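In the two complexes that follow, chain A is the common piece, with chain B as its partner first and chain C second.
And then the complex of A and B:
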């Protein structure tokens, strides 16, 4: 189970409405390397991990990714709040407005909806942890692209926080891979 | 690299991220199996100095050695 805290992991401020920026940031909500993919991947893979430590790590990081999804949702919501349908259209969010009004939806900037095939669970802990390390790098790269695209310093500040978390997660998954490889090689000997 | 060299240093190399602790074993417990080809490894992190909670929140980590801020490449520069 989870315990919900009614606050964001990192506060979100925006300088003002900015549907153009919102359009690209949605990729970290429902794009291939976004926070929905990350959280579901880790929370699902944890069952087939061989050690309690690896299970616990996937639970912790998967939970944090849910908190990141909430941060990204808040950014999109604030950047599009009060924006007229015409302004949404002009920023390339006409399709989003037609289908979702100002609601959130898991898609990438091109409107492609989130699909489960963005993630994998092979049941092989080495394969899955290696995917998780790749996923962290893909998320880091995406945040760097978004930082380059951002013209709102308040949003950039949040993107920098989220990017740094991916660096930390990569280190933790790497340590889990060391651990699991060691565990599996010990199991072979005895 | 010669395969023999692996047997001369069966443990992980000392943690590269702890300049203050050059003699610290890099694997908890001291002995890590030899590095193997076709395996991926990440250096172990050790508890060292940490940022204050407020600074950790602002930076995205409480660990100075994990901090790697991103600087936007200048126009025309490739980021590959």
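And then the complex of A and C:
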């Protein structure tokens, strides 16, 4: 099971309301390479992993990604808090406002809702861990794009932290992949 | 890749937190949370590393040394600001403190 901690993994401060920035950052909440995809992908792939290292790592990174989803949600919430419908509209969030008001929702910046086909579980641990490594790189690229788009240094600081985490996750998944490959090649010999 | 992840060192691990400028930290709640976040980040980083390097004794003893420090900070925080955990992981004063604001997204 999971236990909630009434705090964020990393503090989120924003300089002020900024619906334009919120509009693009939502992609790391519910876009294809966002934190919802990441957490669900890893926590779901655990069951078909053959080694303890891979089971442990997917559990832990999947859990950390849930904390990242909360961080991204907090950024969006703070950037749109108190923003009028007109300002939302002017920032390109008119569609979001029409459907969700100021509520959070999993979509990409174009309003395309999150779908389960963003993630896969083939049951082949080599395939799944390779997907996970690609997913971390896609998330890293997306955070770099968001850093380039950000005009709020406080938000940029949090985006840098999240980008750094993807780099570490990629490294750890690579090590888990090596472990699974060793395990499978040993199995074939004996 | 610009990253060769050897065993995480404490100064490396807390690096992202250094960017948080001290003058912007106003409340003591935020400040106490920051100390918890700093220690917890070290624990998370070492935890992921240990998942794929379970025989690294140095990393393990570093991890084990963070645990009591983190527990101490959490205890001090909870005495002032109420439970950080639910579901039996923290006690509460009367009346039930868990539902009290601020929630993380409002802090």
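Keep in mind that, in the parts below, the second predicted complex is superposed on the first by the 190 of 190 C-alpha atoms of A that agree within 3 Å, B and C clash if a C-alpha of one lies under 4 Å from a C-alpha of the other, contacts with A are read in each partner's own complex, and residues count from 1 in each chain.
FYI, a residue touches a chain if its C-beta (ideal position, glycine included) is under 8 Å from a C-beta of that chain, and two chains touch if they have at least 3 such contacts.
If you're wondering where the values come from, they're calculated on a predicted model, not measured in any experiment.
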| item | value |
| --- | --- |
| Chain B or chain C, by number of chain A residues touched | C |
| Which superposed partner A:147 touches (first chain B, second chain C, both, neither) | first |
| Partner chain in contact with A:3 - chain B first, chain C second, else both or neither | second |
| Touching partner for A:188 - first (chain B), second (chain C), both, neither | neither |
| Which of chain B and chain C A:171 touches, first, second, both or neither | both |
| Touching partner for A:53 - first (chain B), second (chain C), both, neither | second |
| Those residues of chain A which chain B touches in one complex and chain C touches in the other | 10, 160-161, 164, 167-168, 170-171, 175 |
| Chain A partner contacts - residues on chain C that touch it in the complex | 1-3, 5, 16-17, 19-20, 24, 30, 33-34, 36-37, 40-41, 44-45, 47-49, 51-54, 83-87, 89, 98, 103-105, 107 |
| Contacting residues of chain A [partner chain B, same complex] | 10, 130, 133, 143-144, 147-148, 160-165, 167-168, 170-171, 173-175, 177-178, 181-182, 185 |
| Touching residues on chain B, where the partner in the complex is chain A | 32-33, 39-42, 44-45, 57-61, 63, 66-70, 72-73, 79 |
| Partner chain C, residues of chain A touching it in the complex | 3-13, 53, 56-57, 60-61, 64, 70, 73-74, 77-78, 157, 160-161, 164, 167-172, 175-176, 179 |
